[in-house]
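Chain nomenclature is as follows: A, B, C, D, E and F, assigned in order of appearance, with residue numbering initiated at 1 for each chain independently.
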């Protein structure tokens, strides 16, 4: 991270939802999404992160990018707690289709259904897609 | 087309297959694929063009991009004949799934099955994906 | 709260529409734009998916994107209303938030 | 003539693998690379598709891409052989042509 | 109403760059305020002045520059994404010892905080991407 | 054996840029000849020298330049695609009256005919893209 997080003193608190639907490494969206989350954490907004579809693969354990030469950002997910980003949701249906269990994930998450994601989304002001 | 087609005098004749699997306009692949076909025509190689999956949409009639402001390259397909590019194949299964009949297409094509495309592909030396 | 979901990918190529229909709640809307408009066309093998969700959701398609692709306003399913860019802006304003299901 | 088909997209997201399996003929090979390797993983809802084609086709997956995604060599289906970049080059050489089913 | 637009893809390759522009123009014409257009991921490539599109095609970069001038638009290119992809203004040129810059008129390079701020300050955020 | 590589996507956004490089390097190490690497579509964006990736990340552009120098590689950027996306060498700069250029060392801008020629001259062509 090259950026210095900026202070935001506006006093407005909004609910941000970051929706991750893509696999890591094949494209940069997962990595650059994480950069938004980290910078955004300095703004004291309410933040939820959702992993659904192939986004679930972003938080699989034991990722090791040394042989493809790209950046291994997957460890950064474990640092989110220090930034007070604690609301991580994973869609149950996406996990099931991919044969993934909670033990396979490298961060604590709340597993919820598609419908619960739909209802959760409705409670947010700003929804960013990655 | 900004480019001046180059003459190729090497004497080698190879079989080129251009495979178009993407819809037009949403991405540039269809348009830039056509530019390859036109430039390639000057090289006197054997050329087949295949439209399958959403690539079938590239040759739908009556495309009019004026309201989205992008280039309407769909008319160029009708010029292919002048370039002696005459082997245009469309996958039957892709047409059926999309409810498209031959009357909906703006160029004469040969409609063949997935299996026939598979066999045709095996007869080519260079297969370019768009 | 109501959400405007935009879908810009062909449902034959990508899973965006499927996901959108899975999470869009009663009272929300789906706007088909760019290659997403193929999902609104009548007479394809995917029509059942929209019909099933037609009671819960409102469907819109961007007219300029239909026209660019050689699709007339009559080519979309009955449950889909065609709008232009002005209509797109109005939909964004009328819903509480927008989610681009890329 | 035999063709090496490469698939670099997740079969959950895109239709590349499905198309590849539809057109790949007896004696050809399919190499899973990048996000395509998810299609080679055992225990997903899509395993049936590979099994059905296993008699006709040979399957390979790029090891470095599996590892990057937290997938061990044991996590792929039995019908899939894991190769590295050297193996990728060898596959290209051994087949008469390569088709990237993007 | 106060709107912000996020654009995640580069010019010409994806229609997202066109749709974001057409949407922004329509919103302005209807009297809405565009708080900011934020260019992220490959979207930063919309901000180079070095493009020379064919004469019979639209000029995507220049179109943004003109719209910015007419409506005093805030076109922000994400600094981290721009560094990866080679979009450079005078400051960045000096900071990284580059021998040229390529930022187009009306665009400025700034941090991801500008995206979060757009979310906080705007009534609606609309994302365009792949 | 004589191989050519086609790369259709830009650096960092898609892993295609990494896979093409890793494949090319492996082929060279095995003693194969790389007749040409052809950069098409957004792939032309691999040829800008203005990138400044984070220090803990790989330098995709520079990596190509170095490989080209070591192995006398022919890295060809498609002229038509480059014009749309703002990749410019000295000739293009003059021709279009631009005030800067951004081509990286070891890359050259040329026509689509170079792609066809690569197909004719090479024993195998391998495409990397999105």
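Observations on the structure shown:
What we mean here is this: contacts are C-beta pairs under 8 Å (C-beta built on N, C-alpha and C of every residue); 3 or more make two chains touch, one makes a residue touch a chain.
Keep in mind that this is a model prediction, so the values were computed, not measured.
Steps from subunit D to subunit E, minimised over paths through touching chains, total 2.
Traced through touching neighbours, the fewest hops from subunit C to subunit E number 1. Counting C-beta pairs in contact, the pair that comes out ahead of the other among B-D and A-D is A-D.
Distances between chain centres, each the mean of the C-alpha atoms, put A farthest from subunit B.
Where subunit E touches subunit F, over half of the residue numbers in use are shared by the two copies, so each contributes mostly the same positions.
Using the mean of the Cα atoms as each chain's centre, the chain most removed from subunit D is E. Summary of the copy comparison: rotating subunit A onto subunit B for the best CA superposition needs 180 degrees, to the nearest 5. The mean-CA centres of subunit B and subunit C are about 28 angstrom from one another, to the nearest whole unit. With centres set at the average Cα position, the gap from subunit D to subunit F is 26 Å.
Chain centres here are Cα averages; for subunit C and subunit D they lie 33 Å apart. Taken residue by residue, subunit F touches two or more other chains at 8, 12-13, 15, 19, 22, 41, 54, 57, 80, 83, 125, 127, 129-130, whereas all remaining positions touch fewer. Counting partner chains per residue, subunit D shows two or more touched chains at residues 8, 12-13, 15, 34-35, 64, 84, 97-98, 100, 102.
Multi-chain contact residues, meaning those touching two or more other chains, occur in subunit B at positions 1-2, 25-28, 53, 68, 70, 125-127, 129.
In this structure, the chains touch in the following pairs: A-C, A-D, A-E, A-F, B-C, B-D, B-E, B-F, C-D, C-E, D-F, E-F. Residues 1-2, 25-28, 68-71 of subunit A touch subunit F in their complex. Residues of subunit E touching subunit F in their complex: 10-13, 41-42, 45, 48-54, 57, 61, 80, 83-88, 92, 96, 98, 100-102. Contacts from subunit A toward subunit D in the complex involve residues 22-27, 53-54, 57, 60-68, 70, 72, 74, 96-99, 104.
The touching residues of subunit F, when paired with subunit A in their complex, are 12-15, 18-19, 21-22, 54, 56-58, 130. Touching subunit B in their complex are the following residues of subunit C: 8-10, 12-13, 34-35, 38, 41-45, 63-65, 67-72, 84.
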